[in-house]
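Each of the two complexes below includes chain A, the first together with chain B, the second together with chain C.
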Partner chain A sequence: MSALAALFRREFALAWAGGGGTAGPAAFNLAALALAPLAIGPAPDILLAAAPGIIAFAMLLSTLQSAERLFSEDAGDGTLELYVLSGQSFALICLVKSLAFALAVFWPAPLIALLAGIAYGMSGEASLVLALALGLAAPGLALVAGFAGALAAGLKRAGLLIALIAAPLQVPVLVFAAGAGRAAIDQTGTAGANLLLTAAFSLAALVLAPAGIAAALKARLE
Partner chain B sequence: MSTGGAPFLISVKDLTLDRGGRRLVTGLALRVRSGEAFVLTGPNGSGKTTFLRALGGLVNPAAGEIERPAPEAIAFLGHADALKPGETVRDALRFWAAFQGGAEMTVEHALSRFAIAHLERRACGRLSAGQRRRVALARIVLSGRALWLLDEPAAPLDTRGRALLAEAVERHCAAGGAVIAATHVDLGWPGARTLEFGS
Partner chain C sequence: MLSYFANPERFDRLARTLIPWGWGLTLALLAVGLPWALAVSPPDYQQSESVRIMYVHVPAAWLGLFAYGALGVSSFVFFVWRHNLADLAARAIAPFGAAFTALCLVTGALWGKPTWGAWWVWDARLTSMLVLLLLYLGYMALRAALEDERLAARSGAILAMAGLVNLPIIKFSVDWWNTLHQPASVFRFDGPTIHASKLWPLGVMALALTILFGVLVLTRMRTLLLEKRADALERARERRLEAEAREASQ
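The block that comes next holds the complex of A and B.
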């Protein structure tokens, strides 16, 4: 276990410091949230109705934007070979690396969602629900984006391929997370159910995605 | 460096390797005992790297058998050094020591084997190619693993670096390890056996 703890610490530090770290996706997220109202118009009721969808959507895009970085460097500099030959389970390595990356890079996302929700006119309570939903969605979104990143690792224009592969797979969690926010605004009583479904998606991704990532990366090494 | 009755660390029978739709190697056999050093020579593109990767289990052979030890006994040095530009030499080696386990040597000791102890606090991105190679070799020594698979270990090394590498290999073989290295330069390893790859 101490080996995987060391891996988590290292991958967290590398993701934190390397290539813009947290700032890139957070800036992308904030820019999308700042621009959307300019396009939609200032009517408060429309902005309120659109808020959960826009906020969840902006976060989804920011996970796609950073996915290219996750495995392409390791594939290029020979780290991947050493991970495969380390004697640790490669799927576990992929899981630990993806989670360390998600924590280092997406930790501001719930915070941004909370502030954006309030700025878009949502109540504090509804904003909290939406922030919680996106916090629960983050591991799932990151793992799915990581799977697409693993399939595209080392390719030119990997970003396009990642968007094409990951976006359809991320649709359920987008629907549930935004749904939780909308349910909290309308007080329909289904916010809890949407939160649970969001968590279920992330849990399923925790089990399935590492095996897919490992298989994709091993095929890449052949 | 030869030890008569030592067990085989790795043995290869009737190996056939393909790469990019081209047949590189057919009917290759190799048995390496602990204490032996093997040098694979041959022109570029003759299949040395693919063979090393097949020995490590990174590439599946088209035909034939490879009996290899567990991954925990294999230390692999590819053509890339697997160093991150933002990480210091010491942090990188400390991580690999903790991650690969089994190391009884300290990071400082492994670095001093390749005369780079003074680079400990330097970021890997600010090292020369030869210095990076030395760090990667220090990682191999540090792993404490029995079978070393080295792909062009000496390519960017200077004369002193090559002498230190030869010394490390000799020490490793004397301690019961084995080394298989692909190269197109003369490594100057006394007692090493050679396997020539065809063009």
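The block that comes next holds the complex of A and C.
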């Protein structure tokens, strides 16, 4: 267990500091959220109706944008080989690595969602629900993006490929997380159900994605 | 049986006998099914003549889904037992599956405009078919991007299996969500809800296009096999020429 804890600390520190760290994806997220109203126009009713979708979508884009750096360096410099030789379950290592990355990089996403929700005209309560939904969605989004990143690790135009591979698999979480925000705005009473479905997606990804990531990475070590 | 046909030579012989028969059956079924579906079968009492689009749309949708299932199964067989023919099948299936999915979306749009009044609605069934098309495109893009053929085969298999999660979502989207697209009307527990005068031509068209799909996949698999063999021969010839050139210079 202590080996996994050490791994978590290492990966967390690397993700925190290296390659733009937390600031890169957060800035990307903010930029997307700042541009959307300029494109849609400032009409408050339209912005309010679109807010949960735009905010969830901007976060999804930031997970796609950062997934490239999750595995490409480790695939290039031999770190992965050492991880495989460590005797720990490789899927578990992939899980710890992805979660450390997600925690270090995506922790501002719910805060951004909260602020953006209010800026787009949502009530404080609805913004909180949306922020909670995105917090629950974060592990699932990060793991699916990590799976795509593992498949595309080390390729020249990995970014494009990651977006094409991961986006279809991330569709359910986008639907449910944004759905929770919309339900909170319209007070339809289904916000809780949407939150649970978002959490269910993340839990399923927690089980399935590490096996997929491990298989994808092992394929390139053979 | 699987390993019996996993021999490329045997597969080639089998495919060469099956392909002409398959073409014959496809053409015969289309010769019956197309006039039946497009002229003889009665128009719908609400949709009038535009219902005939269904005779292409439904088989295309079924094949788009079926092909992804077949892609997933071939990928699984390749991933577990490393049969190269299974990988070849997966490679061959993907473009045709994508083509039928695209055909389903296009015919659906052509039908939707006169019937629903819109080319496209963001309904669960339509959107999930679009996601299926993206899955196919992602699979093909990943394989195209990886130059190492073995790595491309293994990574592709992993991705195709992950995409299988989406199949039940598409199939049951019309039951789980309240959508504009009608629910299943052919395969139901309480029997089909389509009248026999439309069900029969639909069945003939579905069978014709399914056999066509099989023939196309077999032909593409043979082409890929021949391509591999041609590559190997080409490399062997280059090595021989190099060796001869070296001997001549000594």
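In this text, the second predicted complex is superposed on the first by the 222 of 222 C-alpha atoms of A that agree within 3 Å, B and C clash if a C-alpha of one lies under 4 Å from a C-alpha of the other, contacts with A are read in each partner's own complex, and residues count from 1 in each chain.
The criterion applied here is as follows: a residue touches a chain if its C-beta (ideal position, glycine included) is under 8 Å from a C-beta of that chain, and two chains touch if they have at least 3 such contacts.
Quick caveat, the model's predicted, so the values are computed rather than measured.
With chain A as the common reference for superposition, the partners chain B and chain C occupy compatible, non-clashing space. In the superposition on chain A, A:152 makes contact with chain C only, while chain B stays out of contact range.
Within the superposed three-chain model, A:48 lies out of touch with both chain B and chain C [touch as defined at top].
Once both structures are fitted onto chain A, a short way to say it is that chain B and chain C open up an angle of 90° at chain A, using Cα centres and rounding to the nearest 10. Contacts of A:161 after superposition on the shared chain: chain C is touched, whereas chain B is not.
Shared-chain residue A:171: touches chain C; no touch with chain B. Contacts of A:222 after superposition on the shared chain: both chain B and chain C are touched. In the superposed model, A:212 lies in contact with chain C only, and not with chain B. In the superposed model, A:91 makes contact with neither chain B nor chain C. After overlaying the two complexes on the shared chain, residue contacts for A:79 are found with chain B alone; chain C is out of touch. No C-alpha atom of chain B lies closer than 7 Å to one of chain C in the superposed arrangement.
222 are the residues of chain A that lie in the contact sets of both chain B and chain C, per the superposition on chain A. Within the complex formed with chain C, the residues of chain A that make contact are 147, 151-152, 155, 157, 161, 164-165, 167-169, 171-172, 208, 212, 215-216, 219-220, 222.
Chain A contributes residues 2-3, 6-7, 9-10, 13-14, 17-18, 73, 76-79, 81-82, 84-88, 221-222 to its touches with chain B in the complex. On the chain C side of its complex with chain A, the touching residues are 79, 127, 131-132, 134-135, 137-138, 141-142, 145-146, 150-151, 154-155, 158-159, 162-163, 165-166, 169.
Remark: chain B residues 53, 56-60, 70-72, 74, 76, 78-84, 86-87, 91, 95-96, 98-101 touch chain A in the complex.
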